[in-house]
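Here's the structure we're looking at; comments come further down.
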Amino acid sequence: SIMENVKLGKLNFLPLPIGKSRTNIGLELYDNATEIFPWNRSLTGSGVEKTLRWIETKISNFKKIEFKTGKEIFDWVVPEEWNISEAWLEDPDGKRIIDFKTNNLHVVNYSSPVDKTISLDELQHHLYSLPEMPDAVPYVTSYYQRNWGFCLPHSQREKLINGIYRAVIKSSLKPGVMNIGEIFIRGQTDKEVLISTYICHPSMANNEVSGIVVLTKLVQWLQSTSKLKYSYRILFCPETIGAIAFLSERYKLLKSKLIAGFVVTMVGDDRGYSFIETPNKDSLTDRVANHVVKYLCSNPNIIPYTMRASDERQFCSPGIDLPVVTVMRGGRYPEYHTSEDNLGLISPVGLYGGFEYVRLCVSALEMNCSPRWVVRGEPHLSKYDLRNTTGGPRILSENEFLISNILAFSNGQRDLLQIADLLEKPIWEIYPSIRTLKEKNLITL
Amino acid sequence: SIMENVKLGKLNFLPLPIGKSRTNIGLELYDNATEIFPWNRSLTGSGVEKTLRWIETKISNFKKIEFKTGKEIFDWVVPEEWNISEAWLEDPDGKRIIDFKTNNLHVVNYSSPVDKTISLDELQHHLYSLPEMPDAVPYVTSYYQRNWGFCLPHSQREKLINGIYRAVIKSSLKPGVMNIGEIFIRGQTDKEVLISTYICHPSMANNEVSGIVVLTKLVQWLQSTSKLKYSYRILFCPETIGAIAFLSERYKLLKSKLIAGFVVTMVGDDRGYSFIETPNKDSLTDRVANHVVKYLCSNPNIIPYTMRASDERQFCSPGIDLPVVTVMRGGRYPEYHTSEDNLGLISPVGLYGGFEYVRLCVSALEMNCSPRWVVRGEPHLSKYDLRNTTGGPRILSENEFLISNILAFSNGQRDLLQIADLLEKPIWEIYPSIRTLKEKNLITL
Amino acid sequence: SIMENVKLGKLNFLPLPIGKSRTNIGLELYDNATEIFPWNRSLTGSGVEKTLRWIETKISNFKKIEFKTGKEIFDWVVPEEWNISEAWLEDPDGKRIIDFKTNNLHVVNYSSPVDKTISLDELQHHLYSLPEMPDAVPYVTSYYQRNWGFCLPHSQREKLINGIYRAVIKSSLKPGVMNIGEIFIRGQTDKEVLISTYICHPSMANNEVSGIVVLTKLVQWLQSTSKLKYSYRILFCPETIGAIAFLSERYKLLKSKLIAGFVVTMVGDDRGYSFIETPNKDSLTDRVANHVVKYLCSNPNIIPYTMRASDERQFCSPGIDLPVVTVMRGGRYPEYHTSEDNLGLISPVGLYGGFEYVRLCVSALEMNCSPRWVVRGEPHLSKYDLRNTTGGPRILSENEFLISNILAFSNGQRDLLQIADLLEKPIWEIYPSIRTLKEKNLITL
């Protein structure tokens, strides 16, 4: 197999491999989230560029891929670049009642420039609010049709008085570029794992500052880990159009090299663990996520592809069919796509759990292998110091029992995930024995 | 695929496609049942011939296939033709206590002619009654061994007095013919669907006047429907021997053309919906019946082939192995094969439900296809007016959600029944979107 | 198929085929167990040789296969031959407090010869007891590392006084032989069934005197049964090393001929019925054991291969992969591997049940076949006296119903175990109808 010459890495899990306590990592992730939260991200423009530069400072080998406005990518066209400096709404008394400065969600993302006086009736066509969440500012976009608008709490909207308002949005829509960030980490084989998150959401914390900080941290961990079996391709891109742009460049390569992929999203809250299955639920990635999630919490939420949420829509679409699942903490939540998805919704503990979740998925993949017992009949285990020479009433030690059980199922056809599931243990508890058995030449991989 | 050039039919379901209200169809079916109920049907003879002529008046392209007495068909031989004009039993006082005129069930079907005086003791060998249903006349046959007999309520039998009785049956058994009726309705492809019922039962309403009137109505509907994808072969035949005769003529053709088949029986009562699975439970027909029946009632009765009941015994027999299920309303019932299976047991609503059940099975088959998404990545749906251009807090409309979900699973391998099941919707709610997506060239079929 | 010319045997089950009542067989098995219980069995030496000779007296065609000390077999080496005449431990007062004569479990199996005085402290390193079962003598072995020791009740050990003890073991370890016993019973085909038990355990009743007496009785039954379809290879061997030695000789033959195998162990108690599945749970043997065990008790214990117990560890090991399950009565029990596994733990009823269990497994295998209905459409059953000629309200007799149902599923692909499971009946209730249908040429096998 292509794994013949792969050297087994030492992927130790408890304590954490990068020298920091659980609390410290959570706090670091939360600090990072706090830093990048305020920036006005979109598909294009200064906010997303600043975010990409921030990621670049944290890791090595960051590479930008540029797509020019107007470029056709699959069924889509790269839109104009959007920038915005200021925006406000004045009421009939000349008072600024909405200001972009206080919250970038107040302006419909990709709003055209405007500076006009306007009656309340006409203005209503440009206002967005949520009756069912009267205090929240909704997140609204109009990327592909020129439009402008303001988002505000429904409670505020209901108090608007009749009269003439002034709406000012100092934005620009011009030919420019859309950028995506890619990091490639070369492992011992050229089989690849894709991990992506998206960078186009303005000031919302769980969706999607959490994905950015967790994936950045994961890249640091991968870049500090030696003897990775697989190569890793990391993607930071605007949602949907960015994933499509990436696929238009990388589809053929991924089709021949990808063995698993993870979209990382909404990984900052502390509301459980979940993942979205691939359409057929049968990929290696599904098996990895299934295995990991059941050891992270007692009641994981396994979501069918009918309820898909993010860029797995592109990676798993018919004709693309890559083995990509989406890993999330709690998944959809009431504050989704509103100003209530703020830094109070995420926490150091929540972000740490999100990081650990992705790290365990990667580790499970790295540890997975198809061990094959090499002698005929049972090996004479006491010869190898793997069994006590005295038999009888003595019960096998836990390790003797584990070694014996791993061997019993190591037929070269089952992989370690299957063996771990048969033995009802996490793969990371079984992996050290695989290293031992390999060292004693009792298995091949 | 052979479906490449098939034009999608407009199979609309609510309201009904043939211009009549639900009530009217039910009443028409019940009137028809009332008309043909009294006739003395059997495997052969005037009653079954009259029934075939009645069917012929209702529809186009009716064709009779004739089998001569003595012809060997598979393991069987076509029996003599049976006719009967009169039959009665006189008690020792010369009083007619049983008369064929009042109910054709009183005479054992295929009784030889007889006119003899006979003691009660000897007569008892020729009487049939049901102790457990003392007021019912049972339905008894002796097709393949010459015999004669009378059927009567057990309560009446118990009161018979000793003495000499006179038994008269004016019947004849002579070389003749057994006929089956076949209608072929040509669709856009030569792939066929078989639908059969049986015509040999004398005056019983649910088993089997119901099947005759429902299937006749279904033929009318099929003959009035344009752009059928499949061709339909409809069979009206005596049970068992008729199906075997039909198979002896059509087996090779069906083996190469048949994609699905339905035996229609006991479809006039109002006691639920059921079907009998094929032996392996895995044919397209099983999937269609399964899909339809769960939207017809909340607790359908899905019956394994171990409990088979009718001509599916022939169509699914080893060596024949056609994908045929049997659709029924309630299935076996206490009044089965007795005089209590009369016009009071069936109802307009019951018959209408039976018709609708078969029609939905046919429609599900016609609507089924294997759509394949043609662009790479998600289509830019707003370009096709299938998605609002404003994104954000707005929840997708039901139709946007449906379109998106259908596309997500349209990989050319899943068929629409599978997609419908994944989306937990009936195929007839999904089919209009398939037409839309096809018109916009977003899928191929 | 290779079964084309096989003649169907008459495997009748009730009453028992070998002319004895259930009670008599149980008593005979218990008498035999009582006879061989006291002998000091081990991997080699006089106890196991005596046991093999005893088996030889009971049956025909017994054959010994000899393995010389030092012979390499797979990953193992045949050990020296061990014999022991006497052994005792004297306390500081010169009193014999442990004596091999009273119970052979008192000496660690394969103890080296010793005759020395020794302090209590030093002696403790050579004593074995079970704190959790203070009155039981544990069963301890040290086959592959020279050692000596005594086993005693923990309650006795705690009362040992300080002082100088004398330990005497008059044993020898010399180049010699390890023997296994094999019986081959030729059937109508050369496809084989393996049935094994082990003979190395000293005085313990359920594990493993029970296996020896039950398998010996089964050989008698097989040798008295005519028209066996399969050939049977019976193995009596020391556990583990004996099975490995056997495989080193027979592996290639078994790989090409074996269709099923059973390890018989712990079949003397009366605590239910169980079996250990093969690793993939999908062999014919798994299906046979599953089928039989559910008709033996209402709540059988089906044990996954993760909890394997005996020589199935060798037969199912990766690279060997033979379809062998282990049949047991209750399986693991508290008295396991101690002096409490004595003649009080097993019973005539328990042993009889163990015998019946293995016999039914063999019978199910022998009866299994893949019947194929030979006519097109249903056979005209009344022609063959398999259906009453009068049809109608009469319900089919149980036998008519069974015949019809067997035929309906006899497509040449399903085997009789599958058909029996579909019909929810034991295969031995269905088999007589298969004989009938074969005689009437309605099926081929």
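The chains carry the letters A, B and C, assigned in the order they are written, with residues numbered from 1 in each.
Throughout what follows, contacts are C-beta pairs under 8 Å (C-beta built on N, C-alpha and C of every residue); 3 or more make two chains touch, one makes a residue touch a chain.
Everything quoted here is computed from the prediction, not taken from an experiment.
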Interface numbering overlap (same over half, different under half) for chain B and chain C: different
Turning angle required so that chain A lies on chain B, C-alpha fit (0 to 180°, nearest 5): 120
Averaged-CA centre spacing for the pair chain C and chain B, given as whole angstrom: 55
Per-residue overlap in chain A, given as positions that touch at least 2 other chains: none
Chain C residues touching chain A - in the complex, by the definition given at the top: 74-76, 108, 128, 130, 138-145, 147, 240, 243-244, 247-248, 251, 279, 304-306, 308, 313-314, 316-321, 337-338
Touching residues (chain side chain B, partner chain A) in the complex: 372-380, 382-383, 389-394, 405, 407-412, 422-423
